[in-house]
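Chain nomenclature is as follows: A, B, C and D, assigned in order of appearance, with residue numbering initiated at 1 for each chain independently.
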Amino acid sequence: MSTVAIVYFSGLNHTHLMAQAIGEGAKQVANTQVELLRITGEQITNGRWQDDAIVAKLNAADAIVFGSPTYMGGVAAQFKAFLDNTDAWFEQKWKDKLAAGFTHSSSLSGDKQSTLIYLTTFAAQMSMIWVNVGDMPSDYFGKEDGVNRLGSFLGVMGQSKLDMSGKSAEIDPGDRLTAVKFGQRIAEAARRWN
Amino acid sequence: MSTVAIVYFSGLNHTHLMAQAIGEGAKQVANTQVELLRITGEQITNGRWQDDAIVAKLNAADAIVFGSPTYMGGVAAQFKAFLDNTDAWFEQKWKDKLAAGFTHSSSLSGDKQSTLIYLTTFAAQMSMIWVNVGDMPSDYFGKEDGVNRLGSFLGVMGQSKLDMSGKSAEIDPGDRLTAVKFGQRIAEAARRWN
Amino acid sequence: MSTVAIVYFSGLNHTHLMAQAIGEGAKQVANTQVELLRITGEQITNGRWQDDAIVAKLNAADAIVFGSPTYMGGVAAQFKAFLDNTDAWFEQKWKDKLAAGFTHSSSLSGDKQSTLIYLTTFAAQMSMIWVNVGDMPSDYFGKEDGVNRLGSFLGVMGQSKLDMSGKSAEIDPGDRLTAVKFGQRIAEAARRWN
Amino acid sequence: MSTVAIVYFSGLNHTHLMAQAIGEGAKQVANTQVELLRITGEQITNGRWQDDAIVAKLNAADAIVFGSPTYMGGVAAQFKAFLDNTDAWFEQKWKDKLAAGFTHSSSLSGDKQSTLIYLTTFAAQMSMIWVNVGDMPSDYFGKEDGVNRLGSFLGVMGQSKLDMSGKSAEIDPGDRLTAVKFGQRIAEAARRWN
């Protein structure tokens, strides 16, 4: 049995839907347990994040997938507050766990790569092993399923038109499929690595 | 009179068309002279680039716009060979000139931001002043002219479907318009700065 | 008269000392007013930052210098909460203002460049003009004053040995001098640009 | 038996010495074969790199370690020419191989992180699995062996004072030890992954 934890912040639910799709993919791999762990602003006091239950689950996971919307060219402040909780860093508690990342924003490029670069940098500080996307853009090969339609490699990107209502968040079917396949890939990598 | 130099490498001519559009925009600003300077593989010997005429024109420019296709997540090797010619660096010959950047690739995101981040890093080593795009994605405001349709801010991005023929390169009309406006912006900044 | 605002977060006071040094340098340029604006965790509620007085001063400044310690390879979450306050973004209120950045951490390299890359990306989203460091490492030329001793170009870096006490923060004299000269450079650029 | 290939460019031999140290560390792991593959300017014609023997060895390796000096804030143009040889990309020939990176420059920070960020981006395009450094700066814990003295996590950094002679290149003993340990780590990861 291996455990894939997906820890994320989501403002308008798009990143939440991507997290769910990654979890769905990971569950398709035999003997994989998935933990969906959502960071919220309420877990932050005076700019500092704390939630012992989430930390315990992350410490127990074999792979951790990090997800955040791209806000102003980087991870959301709320997610950064979670990442800045450095107990796991000083003791290198996540050393040699697998890591991966995903992000979502409202424009096609929109500095989402900046978010993914940052997440790889964070994972490096934790001495984790980074799993990249693994799927080429399918339209290079004449397919129309939308897999990796944005052309992202460090992690999965999702994009949806700007919509501040937050009521009926939807994600692109191609982005969703990319996320499902990414979840499978991470779960398979966790099985191979363990 | 201020001079805007646009120095670029182009494999399949898309980056060349973007360079021309930036030049067209810059020329629309009164008292602006534009230099289009194309880097080629033939200027490289044993991995090192040299072309004294191009160097002289760059040394004389008020603003330098750097452009390269994104190859494997970064500037083309041929363009890097040009940038590695460090005569201008040791003596900081381009200090306080304006700088800006653009890139093109075949996917919507496709690690083009990585190229732009690198170009800002290069310009920083030269102690130049970096001029960002300046146009929000126009579809945020209900416009359909395609200005900044990809959502790029450090520099202008262009994207065209993968096409290895190179015979009839075309660029997206929105990307072209973004480039023209970027050229104007740089030329206006050069006038203000001088 | 031009105004240079220095907006920063500081956990253990090192970044605060660097902010002061930049301010000291900026004040040496005639007709320059300096605003030191410190972000604190107390300004953050449920992960969101708000402080109308600071926003008003930033909206009125000619140049904004952004500073944060490097925490886990990026800006501190508290500073990101400030940057995520997007009122200024949608309306592009800081468009064409000058921008610059600085950071501090406990190791010589320590992913501080990642923080500076992020700050340039943020400034790009705001359509600001980025002012780079402008000083080569002085030891290249046999000087021992410590100017740019770390070799940073996108912004100024400071480094001090890890010390969690926070009681008697000190910064390296070379880093301090680099910061003073950087403040001068930014104030001179603001005068030239206006 | 697993094979660790170390492919690198070196101008003044510092990067070469780091490559050797990584190879030395990898060989300390039982059943590990090491290939040291040096890219040279002579392998480049009209800006394009080709060397079928090196490509064959890389295609056969279990892990590939990428190394380049940091020139002008990025990988050397000669090394980029090697990376731009995209035969392995279209067919994703290196998919699921392990990858890692290292760099060297003359200043303590000096934009070396930019080089490492780029190398992770390249490896992502190849769908490789990225192995990070795995050693905290030892001086955090009062040790004086110089392990990770620069505080780098995405890959190993080496730093030596600027010296254009190239005659008697030496690397810092701490950087050398960091590289040896990094080689061990990569070889152990290759064994675990296979």
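Just so we're on the same page, a residue touches a chain if its C-beta (ideal position, glycine included) is under 8 Å from a C-beta of that chain, and two chains touch if they have at least 3 such contacts.
Because the structure is predicted, anything quoted here is derived from the model rather than measured.
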Selected pair, greater C-beta contact count between A-B and B-D: B-D
Rotation angle (°) superposing Cα atoms of chain A on chain D, nearest 5: 180
Length of the line joining the C-alpha centres of chain B and chain D, rounded to whole Å: 30
Rounded Å distance between chain A and chain B, as computed from the means of their C-alpha atoms: 32
Contacts with 2+ other chains: residues of chain D: 73, 111, 114, 117, 121, 124-125, 153-154
Touching residues (chain side chain D, partner chain C) in the complex: 73, 105-114, 117, 137, 139-140, 149-154, 157, 161-162
Chain B-facing residues of chain D, complex: 40-42, 44, 46-49, 71-78, 80-81, 83-84, 86, 89, 111, 114, 117-118, 121-122, 124-125
Complex interface listing, chain A residues touching chain D: 92, 95-96, 117, 120-121, 123-125, 127-136, 153-154, 189, 192-193
